[in-house]
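See below for the structure under consideration.
Chains here go by letter, A, B, C, D and E, matching the order in which they are written, and residues are numbered from 1 within each.
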């Protein structure tokens, strides 16, 4: 029982981290209809920037305070993400107004390649630590209820809180503000949005910037757990089942989807894995998402797919 | 001026329904084929054959298969790598488990099993659409990755999970030297391209495209979505499966599941999008772009660097390559979102009007 | 001038998921080649090195191989530097007659030169690594027989590389009576939560780590997060270099790994020489601080074997001549690096003697264990030798199976003379 | 009115109701269509006209009621079956296959009639090739008839709206239908083009005896060419009869026509 | 027309799609302040293209203006974004509705007010649209995709009105609308024109209606303006009568009796 709970918690926390990455996908998709393949690369790029700046800043400025250094590094990394958002709009999206989904998807792929190259050129290909002072050692709860207690990572707990905060903020933004509404309009029809005076350029910079910051937050949390390296981009693949399960267009869906996938993944690996040789969690997550899709083709909370004649 | 079809009148629908209705095109294609079968063997060195042409041919074949599903039937799939893997491993099993199994039959058997798997994973497409389906097909990818790594039967109990084949021959001719391999792949590709072209310009092709463009209207004119989608999955995964078997048998010789990882799936998808969705020719352009360009860049950039007197390190080189590649993808999309094939046809249209601007 | 150079290309990866490990290796390889030239070449023949980036991907590796093999009068030998690429090239090398130098990686059974004429896993295979690790664990427990009833879990990267030690470990488990368990980690290994949850549940006595790249540091971090003692963790020699532990820092303290004969050797003569002759002139390939670290040293050692093979070939086919790849194979097959020779080359204390033969393409089965103290690797064991009693039959049976599949006949003694 | 021989009831819609969540798109609608007649459905926007057609060819499933076609009664229709029974339709919002050429769009309309299997098609030999030519010949006749020869090979997505409407009609005609359902075929056309369209419709009706169900907002057209008219309003039937009867129906005037007509 | 109060001037523009398809071959027209100008012509004449060129929406269709100039109150607007044009009061109602499918009718209308910041004004505009189109009010909480064709058309027009425009480019506003509503739409146009001095450029197939409400008309064929003049003159032109109003002589011809024979348009030499 204790172990089951532990696995469950582990799954929930892992799921929360996926959610953070998934959130970036959802934001951009919801607000511009672009399936942003580059989200993984953005997480990596942001995390790399953060890791290296937090290393360089004390060096440049002769700072002692770790906290100050991290804050400045975060600001600089955020600035990088803003520049990126601006460049993406200027150089890519602007020229692809009103094109089909696959074309845009492909363009974000180009961006992925570019970021992979650029990130490693600027920041290097090594493994870099991000140390924002997250506690690494496990916390044992209920030691007297269960033998050995239930182990929880403090790091994960913090990540969960951050993710939950971010999500609530973003949901509010989408539902309550007129910009939020405009974003959804753009996703439906670029041209019509243009025709009534929604400035696509600004909208896209905003969205990519917000997605960039989300990527940065995700990157910092993942990075401080795992260290920052090229492979971080592959967490994007872990986030994909999350978004289709939750629905491509739903911010809360990203969270719920993340939790379901996280738990499903860990429980399956721990309880079913040993019977079939292990290593099943990744496909299990996808199959789980697929099963949900068979019942709700738009994901749990996604907007209904409209086909009408 | 020279590229005009005026004066070429068709007197039968048969003539008008040819693959290349314009005479100049027909000649060009004959010349191209002749060059590919005769000229290339005379001119190409081993490196060109082994490192560029053979991979190009095989991936073009796979891209052709992907294009049928994605470009013609509109079902975005990110699981093509898995179907390649099924083709490769099942062909391998047929080849090594059954004595005296002819290579060609083994390859086709690989394709056959890929068809089965493709159809199974195609079933969700009846309900799930668009990007949701795309992500769902990744389930196929990861499941197959896992199965070939974990289930020893598929790898003939090889402890490392890596398998290999040797002594390939077709009708008694060995397929050993690069040239033989090249010709073998070329012949298969030409054959499959012809068959695929026939399909896509025939009734079934129209069904696929109808489903892609407007599925409700398609149903109303009597097209069964299930039949159309599943047949697209079947045909496409058959071709991809054969390509996978070729990739394993002819190109790699020895392989592990990583050869058909999710990156391969993405790569194939990029090929068809860059090349042009819904165009047989586009598959070739796309494959050429994705296979040849990085190789070209990796050879060309150092030369360029040297020109400016800068010694480019391997890492910087490879990062630059990746950046340039990314930029080129975006650039091509901006110039022509419908892919290289569309660019090509616009070029032809311009040629037709030349020297008048419009 | 051109023809006077010995062309020794290398496939490397300075980008991609495994770059942190690939870069120092490539730096070491390049630096040693520079040193060789600074020393005046191989009997006057300068070496020419060229890198080709594979990003650890098999298809790119194959392309690199095809590109480099014919250049500059033909590649003398090829270093694939990835187990996957080695598997693919094993099929191609015999046709092109180019030897593959796979120092510490590749197919373990390719030690058998009778079947694998062109593969040279000089200095150690994964089976050696696995065996040595078990011996060390046995020592800790007070004898191999004490392993009976113990639980040993292998955490491995789910790839041919990660699976390589399994046959040997299974064999050993049956022999010694410990309970062997294997947990795969899907590449690239950034998500290991469930693996470590399982370890926490099973509470094995020891964990063997067969990861690469970021998987290693992730494992160590997860071990810390689940409270598994790092002292009980033993890594392969591809899991025991600075990039694997650096950013875990104190969190990895106590973690052990096999050292492939060499470990981090900042004090060795060859390192000093490289620093003096190459880095001091500003010609070093990587950062100075990393010279002498584990992966760097592996690059150096690999380069040294290549150079010495050429030298050995020259002994037979003509001193001061540029040799062909077939001659190089002979050289690789007839390496005889005695301690004296090694010491002279600056490898004193770094390597034990290595001597290959036509049928033994490995040439040495020694290794040591080193332990991370929070800031650097330190040897924590004596020299250990893998148990030939176990290795030999395993190598032979697997190699025979391969030969049967490929319809290869074992080389005769006469063939060995060529 | 000429020598047209209007026949038996071919399509009989009985007590159809259709609901979407809270919206009652159709409430208890009954009407019938006789063979060879031109039957118009009119009504204000959102009255449920298109939904009615969607029920008939199986795109929507009515929540109540039945549809009888040639004596067979169905509680809901299956698109494929409807097509096989010879019902074709056009769409209000142009549901053409945008990426395909005009010819391919029309050929797709003939797919039901193609018999050769996948393998024959791949090889394109014998029957498959012959069939292809046969159907092509038929399609060319439609192209001639609709006067869209010049656009044969243009992807329909690039055609101007009016021509797309014509292609849509062509695709339906390619099915050689017995009943043709037309949803606002003349929207977005000028008078000249409407005249053309009317001529096509009348010709089809005359020459092939095709029964036609027509939704249209241009009262001139409806009154001129239809034999009987159904009027819907907010999902309810408010009138049914000859054009003259409908024109003078108080309720229809109030709800739809206004005083101008 | 008096050149001083010309609000919109199009001067000899050429438009090419996809780099190869030349669609407009030198179109010139001008719209006076406070006028209603109709743009007439058959299918594929290039009306939509002209409007897109003005509102700068060609890019998304891969078209570009290669020659000529477009000015708004004397200012070149070729390089403005559509959003900037809306800021200057020019809004287009696109052909084929283009409602935001996933948004409700009300949300659709409110996005139209994106450029307006004054809350009271927005609310007032919304009310105005609802009084113009009561049908929208009853459907205001349903997603646009699930409304009928005509409802979507109303929504598109209403959405454009929410931007508080001074120049409206209307592309086939009457398409798919019931006769009553068509009448209403034209009333609204007239209303806005008279009360709020909104200028209209109207591409229409319903020539009858258009000429009835417009002050001035242009007739396009195959990418060229072939005829223009005050609306009343056009309505009395024999050719226009025959081809665009469906009248042989002075009677309206029955659709039933049209012959397949067609007279050739005189201007298409």
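For this structure, a couple of remarks:
Here, a residue touches a chain if its C-beta (ideal position, glycine included) is under 8 Å from a C-beta of that chain, and two chains touch if they have at least 3 such contacts.
Computed from a predicted model, the values in this text were never measured in an experiment.
Steps from chain A to chain E, taking the shortest chain of touch contacts, total 1. In terms of the stated touch criterion, the partners common to chain B and chain C are A, listed by label.
Seen from the C-alpha centroid of chain A, the farthest chain centroid is that of D.
Compared with chain B, the chain whose C-alpha mean position is the greatest distance off is E. Of all chains displayed, B has the C-alpha centre closest to the centre of the whole protein C-alpha set. Averaged Cα coordinates give chain C a centre that lies 74 Å from the centre of chain E. With centres defined as mean CA coordinates, chain E is found 29 Å away from chain D. Mean C-alpha positions place chain B and chain E at a centre distance of 46 Å. Separating the CA-averaged centres of chain A and chain B is a span of 32 Å. Multi-chain contact residues of chain E (touching two or more other chains) are listed as 146.
Among the residues of chain D, those touching two or more other chains are numbered 59, 91-93, 95. With touch defined as above, residues shared between interfaces to two or more other chains in chain A number as follows: 99, 120, 125, 277-279, 282, 308-309.
On chain E, the positions that touch chain A within their shared complex are 55, 57, 59-61, 81-87, 91-94, 98-103, 107-108, 110-115, 143, 145-146, 156, 159-160, 162-163. Of all the residues in chain B, the ones that touch chain D in their complex are 12-14, 16-17, 195-196, 198-199, 202-204, 206-207, 209-210, 212-214, 216-224, 231, 235, 278.
Chain contact summary for the complex, chain B toward chain C: residues 45-47, 50-52, 55, 96, 146, 149-150, 159-162, 164, 166-167, 176, 251-256, 258-259, 263, 295, 298-299, 313-315, 317-319, 322.
On chain B, the positions that touch chain A within their shared complex are 76, 124, 127-132, 135-136, 138-139, 142-143, 145-146, 149-151, 214-217, 220, 262, 266, 270, 273-274, 277, 315-316, 318-330, 333-334, 337-338. Of all residues in chain B, those touching chain E in their complex are 337, 346, 349-350, 353, 358.
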